[in-house]
């Protein structure tokens, strides 16, 4: 089990075919890695300048779209993940 | 349904002809994509340095003008959208 | 009607002749666009780091001088405007 | 009458001869414009991060020394002025 | 004994073989130093802008994944350590 | 009399010989201007982000060491001074 | 006696041999100056954004490890010192 720190979120990318079923296609995403995925773990949140904790907006299981080139790739127990900052997530797909 | 996060706003661009009817023309916009559009979804707002939430000024349905090159393009269920920060929106067209 | 957002202000440039009548000439302004204009709309103001709203100093009708290269040009209902940040306005011409 | 905004100050440069009488000579100032002048108008002051107004230290009539290359030049009703930030003023000449 | 200051953390890298047993492999980590290690000492935490101390999320003994190129290498009493900022730690491996 | 503004301090450099008597020699200072001097005037202090005034640590008469290349040179009534920010002063020589 | 200002600390470098006895060797430190030393004087501490004073973590007599290339070198009364910011100190060697 991976627990992200602070304002970080761990995501499992959703591959291209699944992307087309759900309708989300990023114009030039065919060549590149999809910018869509499922949230598998959420950190405790960012700390504001006055030390207050800011609760993350996303939660486990959300399907999200995120900014290109964001985050760090990671393999754990055979699965590939992306660890990125919550601010790199653009929207939740309802 | 797409729900933008934080201070982000989702916009549907308004094409050129509609732009001329409404009167808004950005001097060199003929060649480039119009910087005008309709707000389709608004995030919960930016978080100030002390953790306080800042309510967005724009709301769904507003027609707005936004800064050139702002935001990320996105296709969802066949529609093309632009996700940008509220601060990239210059004005609401009343 | 155009409503600027946040700390933005909408200005109508005052052309060169009018400028000389009022006395304001920016040394090399003959070649460039005058940095003088009339305020036609004012946003609700900047949000400070603690979320407090900062009331703008300028108001509709003020004649102002502003920094060179500031703002974005915009045409609306046949009129040309400049949308800039209040901080780009140097002084009000009383 | 020109009213500077925020933390800006309007200054009338004091020419070289007057400078030597008063004693202030900036080592290489002979070639460049004197960095000395008289304050003709003071803005309402800078706004701190928490929205509080910070009263300016300089006042009308002060003779001051300011940083090289600071500010924007401006002509108004035949007079030449310099509009700069209060932080660009180094000292008041008592 | 080494006591890190402020928001710094001291880590002992976990070598490649151990990495594969635990399942964490960073795609191109074979060539580079593993980005995984064990926390051996934690500083008192970062100081927020208002002077409040922010308690670190990691603690001694945690196995963690950290950003590439982060921190400074150090040898002490024959052991090799890495001193980095807590913000460079991506996740705790539960 | 020169009154520095905000967090600025006015210093009179202490020449090389005096420097050797007092014991302070900056490794390569022989070629460059000494980074040592006497405080002749102190501003009212820096304003913190919340508008609070921060009282300067140095006072008139202190002998101090300051960072290389810091400040602006100034001649006043025949004397040469250096105007710099208090943060550029490294230490007071007791 | 040298009294550092604000968040600055004065350090006497510990030469190489002493370094090996104590066990701290920075991988490529043989060629470069040791990044280890003893604290000889500590400033009053950094001022947070709200004006509050932040008490330094290090104290006189501590043996510390600090970041490469940090600080300014200084000779005083025949001794060589390094003046650096407390944030450049990585850890205290207990």
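A, B, C, D, E, F and G label the chains in the order they appear, each numbered from 1.
The rule is short, and it goes like this: a contact is a pair of C-beta atoms (placed from the backbone, for glycine too) under 8 Å apart; a residue touches a chain by one contact, two chains touch by 3 or more.
Here's who's who by UniProt: A, B, C, D, E, F, G = Co-chaperonin GroES.
All values derive from a computational prediction rather than experimental measurement.
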item	value
Smallest number of contact steps required from chain A to reach chain F	3
Centre-of-Cα separation between chain C and chain A, whole angstrom	41
Whole-Å gap between the CA centroids of chain A and chain E	23
For chain A, residues contacting two or more additional chains	48-50
Starting from chain F, with chain G taken as the next chain, the full ring order	F, G, E, A, B, C, D
Of chain E, residues touching chain A in the complex	23-27, 46, 48-50, 52-54, 57-58, 65, 67-68, 86-87, 89-94
Chain A residues within the chain E interface of the complex	1-6, 8, 10, 41, 44, 47-51, 72-78, 83
